[in-house]
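Structures given as C-alpha cells follow.
After this come two complexes, each holding chain A, first together with chain B and then together with chain C.
And now, the complex of A and B:
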C-alpha cells in the first residue's frame, strides 16, 4: 500500500504540484482559484494549494496546505457506490470508472472529506477527484505532483514506512511539529499523511473525527437489512395466515 | 411478467380490488427482495464492469513534459512579477536562476514565516522559456493617466533602456535608440520626456560626496566600505540576508527615486506646475523598481509640500514615482499605439532634467556606477579632472561576477573598490565584509548579472539571457560614454543648475530630505541559511575574478 507524506512545514506555496496535476491529467484551467486563500477543489481542480494565515505562538505565519483526495484505506465513496464505479486498488489509490457511473452522486454525500466533485456543466457529467496518478503508482512511479515538488514537502513511498518516518520526524525535531500525523487514524486511516507545525484545525482539516472508517460504521447498521426485511416478511406472512379464516367469515355477513 | 399479467387482469376486470392491489404490491416486494438478496450474495464476486477494470481515461499522460522540476513560489500580491499558470511547464529554469544566480530560493530555512522571500529582481522572467513569468502589467495605469486632462504626465527613462528597446522592434542587441525612444514617448502623449540619466548624475554627486565623508570619518555610524544603493533588488537582498551590513549601504536613493522626488519639487516649481497634477512615470529595465517605488518611505515630495503648503495641499501629492514600466511594457505601449518605431526621427529630451554625462550612461552596466563615482570623487578630492585611465577603468568593466580595482587619488591615497553582479557571487564579498576583513572603500552591487542592461524588465532577446546579448548592450553603453561631450557627472549643466537653484550643495539639508533614504532590516521575515564555503553554484554562469590573496 503506497502513500504520500505531506510535510506542511516544508511547503513554500509554489503550486508546482497543482500545475503538474493539470498537465499530467490534461485538466482544463477553470476560473475556480487553484492557489491562495480561495483555492477550491472542483471537477477540474483535483488538487489545490490553499493558503492559511495563522498565528504560531506570537508569530503570524503563512501555511500552505495541499488538498486532494486522501485515498482512504476503507473509502466511503466506494462503499456507497452501488455501481462499483469507485474502487480501492491494492496499490493504494482510490479510482473511479466513468463508464459504469450512473451519476447518482452518493459518493459525494458519503465522502467524509467532501472530495468528489461533479461536472455540473457537462452533458454527460462525471464525478471527478484525484486518482493519485494510478497508472504511475501501479508502475512504481510517484504521482505527478510529488515528482515536481522542489521543496521536499511531498514524499512518496510505502504507507507504513511513511508513517514510521512521520513519527520519527516528530520525535527527532522536538517542538517543530504538533504531535499528530493526520491520516494515520482519521476515518480508519488514509494513504495521504500530513505533518504540521500548527494545529490541524487551523488549517482547514476536519479534526475530532471518528477513527473508524465510514463503511465500518455503516456496516453496523446495514448488516441488519436482510434480517429486518426477512423478519418483516415473516411477520406479515404470519399475520396473513392468522387472519385468513376470519376473512371468509366476514364475507358471509 | 407477473406484474404485467396482474395489471392486465386488473384492467380486464376494470376494477382494482384491495385483494388484487395487495397481491400486486406483495409480488413487487418479493421481486425486489429477491433481487437485493441476490445482489448481496454476489458482492464478493465480480463487480459490475468486469474483473479488475481500470479507468481508461487516466491511462494517458496528458501534456506531460519530458523534463519537470517545479518552480519558484511567487506571491500573488508581488508588485513586480506575476505568473500565468496556464503557461507554466514546470521546467525549473526560474528555480535555477533564483537559487544558483541570486541565492534567494533555498537560502532560507523552512517553514517560512509570513513572507514569500523575493528580491523582485525578475531574473526568473528572463529565464522563463514560455513567458509564464512576466512583470506585473501597469500599462493600463499609464494609459489612464495620459487620457486624464487634469494630469501632467512626466516620464523618465533609465540608462539601459536606450541600448535594448530596439531589440523589441527587430534591431540587433545594443542598438542606440535614444532619439527614437524620446520621439515614441512624445507620440504616446507624455507631457514631458525627461532622463533618469540626469538623476544618475545627481546620484553620483551625492554618493561620491558621501564616500569622501565616510573616508574622512565625518559620518559616524556609517562604516567603510560604502555599498552602492541603486539596485533595489540588491537593497532588498541586503535587508533580507545581510541586515547587519545595512549601515554600509549608501543612504543615497536610487536615480529613479531621486528623479521622482526632484520632479515633483524642483521641476514643478521651475515650470510652475501644480505638483498634485504630476503623474511620475518611469521606464526601467527592472522589475524591482516597481517594488522600490511602492516602498512606504518614498514619498519625499509629499513631505516637502507638507512643510511648504500644509497637509491639505500635500495630501494630493502622490508617490515620488507613481508608475513604473519595464522596457518590455514600453515596447508593448508603442506597438499598441501602432507607432512605427524604427522609422521615427531622433528627438531630444526636454530641458531642465534631460541632460546627462557619460558617467550617467554607464550606470546601465555593471561597474558603471563605480567608474562614474571614481571620476567625480577624483575631481572632488583633487579639484582636477581625472587622468585618461580613470575614464576607461577596464578592470571593473565586463561580465565577471566580482571585479576589483585600486585607484590612486592624490590627497586620499589608494582607493580600493570592488564590483559585484548577481547576488550569489556577491555573497563572497559580503562575507568578507561581515568578517571585518574588507580591504575596499567602495563596493558596487548589482542584483542582475550584467547590471541594469540585463535587468529583469529588459527584452527577452535570448532566453535565458545570453552573455553575447549582455556584452553587446554593455559595449554600446561604453561606446556612448566614450563619445559623449561630458564624461563626469559634475560637468552636467543641468546638475550644476539644480544645485545652484535648488539643492545648494551635495548632502545639504534639502538634499538629505529629498535624495537620501534609510533601510529596514527584513531579518524577521526569514531565517537565512549560509551557503557552505566550497559551494559556488554561480560559477558555471559567471566566473569570479576575485583575487585569491584577499
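And now, the complex of A and C:
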C-alpha cells in the first residue's frame, strides 16, 4: 500500500503541486482560489495549498498545508456509496467511477474530512476529488504533485516505510516536530501522512477524532440489519397467528 | 356488505382544489427545470451543504410522518386489534401517498438521475452502504403498500377473482409491511451514524436508528389523528375520537420509552452539561424534547384531554412538530458547526415540496371519494366503536 508523507516544515508554499495536479488531471482553472488563506477544495481544485498565519513560541510564522483526499485505509466514501462508485485500490488510491454514480452525495456527508466535492453547475454532476494519480501509482510512478515538489516536502513510498520514516524524523530532530503523525490513526489511518512543527489543530486539521474508521462505526449498526429483519419477521408471524382468532376476522366486511 | 357505487369515477372541483392543481402544475414546471438544468440551477445546495431541504423534508420528514401506516398496520393487521380498524385504511392510504412523494422527492435530489436504478443492482460492497438498505426498503415498501391498496381498489372494480388473489397475498404483505418500515425507519437514523464527531452530540448517537424508529412509530397516531380531523372537517363527518384516543395512548407509551432511552443515552455520553449550556443547539434540542415529546405525552396520558377533540388535535400537532424539528435538527442545526458555509433553500426547493403535498391532497380526495376508505358512519357511532365489524363507505 502506497502513501505520501507531507512534511509541513519543509513546504515553501510555491504551489507547484497544484499546477501539476491541474495539468495532469486536465482540470480547469476556476475562480476558487487554490493558493493562500482562502484556498478551497472544489470540483476543479483536487488539491490546494492553504496558508495559515500561526504563532510559534514568540514569533508569528507562515505555514502551508497541502490539502487533498487522505486516501483512507478504510474509506468512509466507499462504504457509504450504494452504487459502489468509490473503490479502495490495493495500491492505496481511493478512486471514483462516474459511470455508476447516482449523485446522491451521501459520500460527501460520510467523508470525515469533507473532501468530495460536486460539480454543482453541471446537468449531470460528478463527485470530484483527488484520485492520487491512480494510473501513475499503478505503474509504480509517484503522483504528479509529488514529482514536482522542489522543496522535498512530499515523499512517495510504501505507507509502512513512510510511517517509520516520519517517526524517525520526529525522534532524530528533537524539538522540531510536534510528536504526532497525522493520518497514522485518524479514522482508522490514511495513506497520506503529515508531520508538522505547530499543533495540527491550528492548521485546519480536525484533531481528537475517532481512531475507529467510519465504515467500522456504521458496521456496528448495519450488522444488525439481517438478524433484525429475520427475527422481527418471525415474531410478527407468531403474533399474527396467535392473535388471528381474536377481535374478529380479517375480512370483516 | 352494501356499497353505494356511484356511476363512474368522480372528482368534485372546488376553489381549493383548483388552487392545489395550480400549485402542482407550477411544481411540475420547476421539476422539469431542475431535471434539465441541474441541481446548481434549481437549488442553493453547495459543497458545505450537499444535503438540504429535499432530503430533510421530502425524504426524512416525509418517511417519518408516513409512519402512521405501519404503526396502525401493526396494531390492526398483526395484533388484530380490531378496535383500531376504522382508521386503518385511511392510514394506509396517506402512508402510501407519502411514500410515493418520497420517491419523487428522492428522484429530484439525485444528481445523475438517469442512474436512479443502479442501486438496485448489487455491486461488490454496495450492501455495506446504509443508503443501499434505505433505498431497497423504501422502494419495496412502496410496492407492498400499492399491493395492499390493490385489495381495496378491487372491491370497487368488482373483480372477485382479482380480489381473491389480493386477499391471499395479504398476510405475507402485512408482515413485510411492518418489517420493511422497521428497517428503513431505523436506517434513516443510521445514515447519520457516519457523522460521528461532526453531528452535535445532542443528536449523534450510535442509537440514532432506534430513536428514528421509535419517533416514526409514535408520530403515527398523531398523524392519523390529524388526517382524521382534516377528513372529518372536509367531509362533514364525526372524528373517530374513541378510536384515536386509544391509539394515541399507545403512542404515549412509546414516547415514554423514547424519552427514557434519550435520557440514558445523553447520560451515558455525558451530555447533560451541554443540554443546558444555552447554545442554539441545546435550546432547539430542549424545544424538541419538551414541546414535541414531554408535553404531548402528558396530554395524551390524561384521559379528559385525549378524549376531547381539542386536546387530541393540539397534542398531535405538538408531536408532529416535534418530529419535524428533530429531523431538521439532525440535518441542519446539528451539522451547522461542522459543515460551516451557508445554506438557505431556493424558492424552487420549497415549490417542489409544496407541489408534492398538493398532489398528495388531490390524490387523497380522489381516492377517498371513489373507494371505500373511511368507515361507514352508521356503524361507528361516536363513543361506541363497533368491535367486530368495520364497514367502509365511499364519501363525497
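We take it that the second predicted complex is superposed on the first by the 246 of 253 C-alpha atoms of A that agree within 3 Å, B and C clash if a C-alpha of one lies under 4 Å from a C-alpha of the other, contacts with A are read in each partner's own complex, and residues count from 1 in each chain.
Just so we're on the same page, a residue touches a chain if its C-beta (ideal position, glycine included) is under 8 Å from a C-beta of that chain, and two chains touch if they have at least 3 such contacts.
It should be emphasised that the depicted structure is a prediction, and the values quoted were computed from it without experimental measurement.
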> On chain A, do chain B and chain C fit together or clash when superposed?
Replying inline: clash
> Taking the superposition as given, does A:239 touch the first partner, chain B, the second, chain C, both, or neither?
Replying inline: second
> Touch check for A:229: first (chain B), second (chain C), both, or neither?
Replying inline: both
>> So in the superposed three-chain picture, is A:118 touching just chain B, just chain C, both, or none of them (first/second/both/neither)?
In response: second
> Given the touch rule stated above, what does A:100 touch, chain B (first), chain C (second), both, or neither?
Replying inline: both
> Does chain B (first) or chain C (second) touch A:84, or do both, or does neither?
Replying inline: both
>> Looking at A:215, would you say it contacts chain B, chain C, both, or neither? Reply first, second, both or neither.
In response: second
>> Contacts for A:63 in the overlay, against chain B (first) and chain C (second): which applies, first, second, both or neither?
In response: first
> Of the two partner chains, chain B (first) and chain C (second), which one does A:42 touch, if any: first, second, both, or neither?
Replying inline: second
>> If the shared chain A is used to align the two complexes, which stretch of chain C, 170-178, 188-196 or 224-232, clashes with chain B?
In response: 170-178
>> From the superposed pair, tell me which chain A residues show up as contacts to chain B and also as contacts to chain C.
In response: 83-84, 100, 225, 229, 233
>> If we count contacts the way the header does, which residues on chain C are in touch with chain A in the complex?
In response: 1, 36-41, 45-48, 50-51, 74, 77-83, 85, 109-116, 118-119, 123-126, 128-133, 135, 167, 170-171, 174-176, 178-179, 182-183, 187, 190-191, 193-198, 206, 208-209, 339, 372, 387-392
>> Give the list of chain A residues in touch with chain B in this complex.
In response: 8-16, 18-20, 22-27, 29, 34-36, 53, 59-63, 83-85, 87, 95-100, 131, 133-135, 144, 147-151, 197, 225-226, 229, 233
> chain C touches which residues of chain A in the complex?
Replying inline: 41-42, 76, 78-84, 100-106, 108-110, 112, 114, 117-118, 120-126, 206, 209-210, 214-215, 217-222, 225, 228-229, 232-233, 236-237, 239-240, 243-244, 246-248, 250-253
> What residues of chain B sit close enough to touch chain A in their complex?
Replying inline: 29, 33, 36-37, 40, 47-49, 53-65, 68-74, 76, 85-86, 88-90, 92, 95, 110-116
